[in-house]
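Shared between the two complexes below is chain A, which pairs with chain B and chain C, respectively.
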Partner chain A sequence: MAPRPRPLSPHLQIYRLPLTVVLSISHRITGAFLVLGVLLLVALLVAAAAGPQAYAAVHGHVAAWYGQLILFLSTFVLFFHFCNGIRHLAWDAGYGYEYPTVNLTAYVALGATVVLTLLVWIVAITAWWGS
Partner chain B sequence: MAQFRLPANSVVKQGKTYAAPPGAKRSKKFVVYRYDPDSEANPRLDTFEVDLDDCGPMVLDALIKIKSEFDPTLAFRRSCREAICGSCAMNINGGNTIACTKKIEDTQGDAVKIYPLPHMSVIKDLVTDFTHFFAQYASVRPWLRTQTPPPPDRERLQSPAERAAFDDNERCILCACCSSSCPSYWWNSDRYLGPAILLLAHRFIADSRDEATGERLDELEDPYKLYRCHTIMNCTATCPKGINPAKAIGKIKELIAARHV
Partner chain C sequence: MMALRTPLAGARGLGSAKSGFSHWWMSRVTSIALVPLSLWFVFAVAALGGMDYAAFVAWVRSPLVTALLILSLAVTIYHMMLGLRVIIEDYVRPEALKVTGIIVMNFISILIGALGIIAVLKISLGAGS
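Take a look at the complex of A and B:
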């Protein structure tokens, strides 16, 4: 009789994942979403180049609530990837590997993401109303 | 491709409960992963109610008590009980550590959950197969590689400052807590060396007496062996000796990058 295959010990099912892990996987996911965001940007640019009618059609979607929601999330994702990317740059330069520094920079990156996203939207909405 | 779920033969079932002896005033539940290679059954979780008034302070003491008083078939590795042998590495309440220095009173919640090191092949209960881990260690040839003959009248000398360059790496006890805590190692351990082995590879890269630094960096410059590290930092968070494998891996990446500029 062939020996029974040994079981694999539980991993994701039982590991208590710290904040750094959550940010690390989020960095990858947001990176993937940014590629989708680039597709939207290209669609907008192509439409603008194609003429006023095409642009108006795409703009109708962008200005709708779901378009605005996607834009808001894209801003958030962009700033998160940007801020967390700075942590990665620091690590690559040899800085910030110690605890509690890694947790501190994690909170700073998250805080900066929220602040930058809100700032951009406050400026955008103010400009919109002004026009 | 990473397999996020456990294979069918590894899914953990509910096991037996062993009640505390009558008269125990301060008992705590220990939920322990069990796997019997001689039966056809899946792994299971057994619960042992241990009287803390009649038990040593560490999680390892509780395991030894369980083995001697509840179930002598419980299998786990232990030796020195003072954090130098690295045998009793396991997953306690969701984090990897060595049971001999983990205080029971420091565990949170009403039960202490004890699993084998994550994403490893289980031989029995808390005993996992280290064959691959040690083979990876051997693959970095962890000894001084030299070209020049040693001085005839003395050993190869080193200043205290040169020695300090790998002080941290030197304290590693090869318990595999870090490697088995690393999601990247979970998904790619066939080719990624993992934090422990890279830490020890860096130990020789940083050693002023070693004459094969370039050769060692050549060997590590590989998309899988080294660059599956994404600075997730689980290794550093979990190391029971307070070593920083992530930083050592970062140093290796820096040295390789410096060769290209």
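Take a look at the complex of A and C:
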């Protein structure tokens, strides 16, 4: 008798990952990405502490199109980690494990991420026009 | 620290003898603190508009902003260290490299946190204007 084949892990190039799995690994990836956001913030603060010239040099990059693009992606990534993190806190408190609920909260977290990102950029652009 | 295990469970010697629970708990506590702090930070910076030097410095100097910035930096760096530690523990092998990586990551994180907080204090307490 041939030995029974051992169970296999999902073949990552073939297996279509469920949404919950994509969000789970995205939580870790976005968390790691946010380290760059922390570095950018500290760089801006250190430059501001050094004086107007140093601040202008860093701010020039932040205000350039690529700086704004990085900022936009950072807010999106931050809000995703924020919303999905609240989902994790609910799980830690013992709520939301049921099958339809996990998928529902996944969509809610993604929707809230988009809404919060758009909201913060509406505030930013409005303030920029007003200044 | 809250005790989530009964004294009997401790006496029986079951469960982890290490500090995993404390790590998990502080990761949750810092994330709860970061809910209001990160919302405040992102929307306050967005409301600054163009962020020219004078406006930015004036904003940082407000005592409430100084306090919230320092708290945000400290809690964020702590949360970041807890998260990066788990990532290193999961992916870095062999053991020696893993332990070295965690120590180096902790040192660099503390350095970045110290730089950020000292910069906020320097702006707030009057230098650079």
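The rule is short, and it goes like this: the second predicted complex is superposed on the first by the 121 of 131 C-alpha atoms of A that agree within 3 Å, B and C clash if a C-alpha of one lies under 4 Å from a C-alpha of the other, contacts with A are read in each partner's own complex, and residues count from 1 in each chain.
As a convention for this text, a contact is a pair of C-beta atoms (placed from the backbone, for glycine too) under 8 Å apart; a residue touches a chain by one contact, two chains touch by 3 or more.
Since the model is a prediction, treat every value here as computed from it, not as a measurement.
Contacts of A:Ala32 after superposition on the shared chain: chain C is touched, whereas chain B is not.
In the superposition on chain A, contact is made by A:Glu98 with chain B only, not with chain C. Taking chain A as the reference chain, the count of touched residues is higher for C when chain B and chain C are set side by side. Look at A:Pro10: by the touch rule set out above, it reaches chain B but stays clear of chain C. Residue overlap on chain A between the chain B contacts of one complex and the chain C contacts of the other covers 28, 88, 92.
Those residues of chain A that touch chain B in the complex are listed here as 4-18, 20-21, 24-25, 28, 88, 91-94, 97-99, 102.
Remark: chain B residues 4, 6-7, 9-10, 12, 33, 35, 37, 40, 42-43, 91, 93-95, 113, 115-123, 128-129, 181, 183, 186, 230-234, 236-237, 244, 246-247, 250-251, 253-254, 257 touch chain A in the complex.
Interface of chain A with chain C (complex): residues 28, 31-32, 34-35, 38-39, 41-42, 45-46, 48-52, 55-56, 59, 62-63, 75, 78-79, 82, 85-86, 88-89, 92, 120-121, 123-124, 127-131.
Of all residues in chain C, those touching chain A in their complex are 28, 31-32, 34-35, 38-39, 42-43, 46-53, 55-57, 60, 69, 73, 76-77, 80, 83-84, 87, 112, 115-116, 118-120, 122-123, 127-128.
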